[in-house]
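Across the two complexes that follow, chain A remains constant while its partner is chain B and subsequently chain C.
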Partner chain A sequence: MSNALNKKRNFIERSILSALAFLKDATLSEEYANRKGFLQSLDPRLKTVSFLAFLVTAISLKSAVLIGSLYGFCFILAIFSRIPVRHFLIRTLLFIPLFSLFMVLPTLFSIVTPGEPVCSFHVLGLNGIITRPGLDGAVLFVVRIATSVSLVVLLSLTTRHSELLKVLRVLGVPQLFVLTVSMCFRYLYLFATMVENIFTAIKSRVGVVSHHRHGQNVVAWNLANTWNRTTQMSEEVYMAMLSRGYTGEPRLLKVFHATLKDWVWLCCAVIICAGLFYRGQIL
Partner chain B sequence: MHIPDGYLSPATCGVFGAVMIPIWTAASKAVRKTLSVRQVPYLAIGAAFSFVIMMFNVPIPGGSTGHAVGGVLVAILIGPWAACIAVTVALVIQALLFGDGGITAIGANCFNMAFVLPFVGYYVYKLISLNSPAGSNRRIIAAGAGAYAGISLAALCAGIEFGLQPLLYHKANGQALYSPYGLNVAVPAMVLGHLLVFGWVEVIVTALVVKYLQKQNSVFFEGGRS
Partner chain C sequence: MSDIIFELQDVHYSYPGKFPALCGVDMTIRSGEKIAVIGANGTGKSTLLQLLDGLIFPHHGQVRAFGELLRENSQVDENAAHRFRRRVGLVFQNADIQLFCPSVREDIAFGPLQLGVAEEEVRRRILEVAQVLDIRHLLERVPHQLSIGEKRRVAIASVLAIDPDVYLFDEPTAGLDPLTVRHIIDFIVNANQRGKTIITATHDLHIIGEIADMVYVFGQNKRIIMGEPPDSVLNDRSFLEINNLVHIHRHHHDGREHVHQHLP
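For the complex of A and B:
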């Protein structure tokens, strides 16, 4: 098949891949969250609070070395939590940090960030001068992004998604909002499967969509159809909620219990954050 | 347009979080007034829909694909306040469960995509469509124009947020601490990208979905929710 045809039908395959990627991510996260590791054994509330503290520390510090040490700490936590190293590195170093690295590359040079030169080179008749503030700024930026991403990834991989959403309520997020988030999350699986089915059906029946305008119509038609199905579904969902005893006040089925280990972990997290802030002040 | 953690300073994140609190409160009150308990699943499913829109890849000229954000489409379908909550919910799930978009930047992301995007888009749609019939072409054009205006202004806001970082947060030697490009680079980079490419994907998706919904189920445009 020609490249042109491959390109033209890509939107069908990419849509299937988007839906499958969502389902794969969600399933894999649940699998890791159910493993018997260190972070999985912690109370979701205190774990979330401690990770938020780490996150605020990571975006507040101004030293790449200190933020990098926090990334190293995440790496150790990932190992003790039985998260495969390869998966952790791919999730935390590719995508956002790699995009950030490419984005920040021009700031290395004196033309964008003037300052003390670190090295210079000559390519195709052009002089490139990398400056100290440019290099330090770029390293700090990328390390900060990688560390922030690793903290969020670690939290989401080691906590069951349903529990993570319930933690929102414990943290004081209004009930209407938490209820909406929890219900929305459940329907995402259904919708992702729906998207996969729609585009698999298009692929099996149509195969190749010859023109991008036709493809746009196909996508819009199916989006409109998905919306119609969702509105019909909301009525059925409400009836199902009523039949299960819903009175307008949602209840948390699982009650969290914090143990001494959880409080010790929280104290350690606070001490680590305070220590990093203190080192950051004197560096 | 999702701003990850680390691109904005803690102070900027705090300011946008603080700005969003009264908006979320107002949205909750408005939604409680207009939507009954019966319609909580409607809101949740609307939020899931706004998440799922991003899974639909749209073919664009040249053989590539893009995806729409869908904030304006959701605002046209369920109203701007409900869309504000729906898009916020989608952003929270993306940030918290899938690491896409920042947790600390959730205020800024919600300001751009759950407030500016649906509200600007919705009111441009209302302004152009006025009292035109539910099945008129004018509503399709209005939806497209709303989507274009909404996403372009949201991109402008994101560009300003990025561009302010090196001006406000840098070391004495000029080293940027957060997003490194000033307003002169960040604003054109964000706005031009959306005016020339991503905005058109949003226009196509929003206008075509409105067109098909007019044919399939025009009740959405008959003065009720939209």
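For the complex of A and C:
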């Protein structure tokens, strides 16, 4: 019994730690952004605009086949950007279930999407019927989510996080907001690191966590402490900003130089999207 | 007197919750001076530097900077605030706090841009400053992923880019390897030779001979208990021992070369 409890706790602890590691990796790893590949060589602004266009296309198209072709295109881009397909797949697959499962389930059933039944079943005295339009809708939805997530992952993998933030700024998002987001990233990172350290500290102090209650208290106390430290830190960061002349509206550097290649790429992106929309109209 | 930069009279400061941090500090600092503020942990060194930088204000007594009283509402006027910020720069104790931009380049640019320096000039300064502190290869990096020594140099660069008349350093050499310490001391000495006023808080006794003409010692009572040139402070061993600076004193003994340098 207690053994099982321990196992469970270890499992939870490991899951939390790996989730944290993933978070840090996802938000801060710039390994792929620093590789010399196709997408990495593009101007971040035009790259982001083109990906937004792809995203809008993926969301608006009503044909799973057409969206699927966009998904294939993502893979080609990933290969030319020197991102290992396996890594890329894992990244996208991690997010897809989260998005799709919750949203797709209700539409499967006849209550939401009436139509010709494909199969029916009884569970706990409830009648469930999976309908043809419901199934088609579900497939379309999954392909759409997979493609959208892939696009976002591809963009974030091939662009430095600082550059993405700059792009937000260039696209007209207020500078104060961008600075706040960038600080959130930092706190997130710091927070993740602290929680990791706390886990290690507890382990070294308590050894094998024998007293469930005790371990919990340590965690709770440390989290409160971490929170205090974080809020105090944000006050100090504000001081550091004041010290260098901040008076309410941050002014930051203008960056980026688009070349002919970037414009050609943007044209290609627009043509691809328009083509897909056109096909979508005919089908 | 126009060459007086800071003038403190009976300054008291307490943190919220009534934690006294400074209890009656008097001090006069003139243009071009090299000052060290030493003292054990928690004796109010950081608090003093933040007062001098106009980030916090005394609850009792007064701080004058460039002949004007530093008050909470004197910072409301943007022009006055900018004039002050262009003249005084603080390198924080914790570089993680000082560096908050997404890249090193932007962190260096932050100060001058806020203070209205033209973009072209800012770009020129970034390169110049990066050259001086040998951080050109770090410009595109994320600041909080750097090593302590790199962070410290970037933090100094971010203040150097403002080109202030007065530098305030809060424990600039803490936790650094000897070579980086050397670079930072050279930087400080060099800046002073160019006419800059330098105020350094530290408990690193073996650097004060180089970075200070005048040393103020802060005691556990949170006020100045001695103000002398570095040699006299270093010679008064019993005083240093009583005031919890003894550990550093021993370090000082171990490095034989340094002993010769400071103790006659």
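What we mean here is this: the second predicted complex is superposed on the first by the 196 of 283 C-alpha atoms of A that agree within 3 Å, B and C clash if a C-alpha of one lies under 4 Å from a C-alpha of the other, contacts with A are read in each partner's own complex, and residues count from 1 in each chain.
The rule is short, and it goes like this: contacts are C-beta pairs under 8 Å (C-beta built on N, C-alpha and C of every residue); 3 or more make two chains touch, one makes a residue touch a chain.
Source: prediction; values computed, not measured.
Engineer: Using the touch definition from the top, say if A:Phe80 reaches chain B (first), chain C (second), both or neither.
Structural biologist: Neither chain B nor chain C is touched by A:Phe80.
Engineer: Would you check which partner chain A:Met233 touches, where first means chain B only, second means chain C only, and both and neither mean what they say?
Structural biologist: It touches chain B and chain C both.
Engineer: Answer with first, second, both or neither: which of chain B and chain C does A:Phe141 touch in the superposed model?
Structural biologist: first
Engineer: Of the partners chain B and chain C, which touch A:Ser243 in the superposed model: first, second, both, neither?
Structural biologist: The answer is second: A:Ser243 touches chain C but not chain B.
Engineer: In this superposed model, does chain C or chain B come into contact with more residues of chain A?
Structural biologist: B
Engineer: Between chain B (first) and chain C (second), which does A:Lys62 come into contact with in this model arrangement: first, second, both, or neither?
Structural biologist: first
Engineer: Return first, second, both or neither, reflecting whether A:Thr180 touches chain B, chain C, both chains, or no partner chain.
Structural biologist: In the superposition, A:Thr180 contacts chain B only.
Engineer: Of the two partner chains, chain B (first) and chain C (second), which one does A:Trp263 touch, if any: first, second, both, or neither?
Structural biologist: Neither partner.
Engineer: Using the superposition described at the top, list the residues of chain A that contact chain B and also contact chain C.
Structural biologist: 161, 165, 179, 182-183, 185, 190, 233, 237, 241
Engineer: Inside the complex, what are the residues of chain A that reach chain C?
Structural biologist: 28, 30, 160-162, 165-166, 179, 182-183, 185-186, 189-190, 233, 236-237, 239-247, 250-254
Engineer: So in the complex, which bits of chain C are touching chain A?
Structural biologist: Residues 50, 53, 55, 75, 78, 81-82, 85-86, 89-90, 92, 94, 96-98, 100-103, 105-106, 109-111, 113-115, 119, 122-123, 140, 142, 144-145, 158-159, 162 of chain C touch chain A in their complex.
Engineer: Please output the residues of chain B touching chain A within their complex, sorted ascending.
Structural biologist: Per the touch definition, chain B meets chain A at residues 4-7, 9-10, 13, 24, 28, 31-32, 37-49, 51-61, 63-65, 67, 77, 85-86, 88-90, 92-93, 95-99, 102-104, 171, 173-181, 204-205, 208-209, 211-213, 216-217.
Engineer: Can you name the residues of chain A that touch chain B in the complex?
Structural biologist: 4, 7-8, 10-12, 14-15, 18-19, 22, 25-26, 29, 52, 55-56, 58-60, 62, 91, 96, 100, 104, 107, 112-116, 132-134, 136-138, 140-141, 144-145, 147-149, 151-153, 156, 161, 164-165, 168, 174, 176-177, 179-185, 187-188, 190-192, 194-195, 209, 212, 215-217, 219-228, 230-231, 233-234, 237-238, 241, 248
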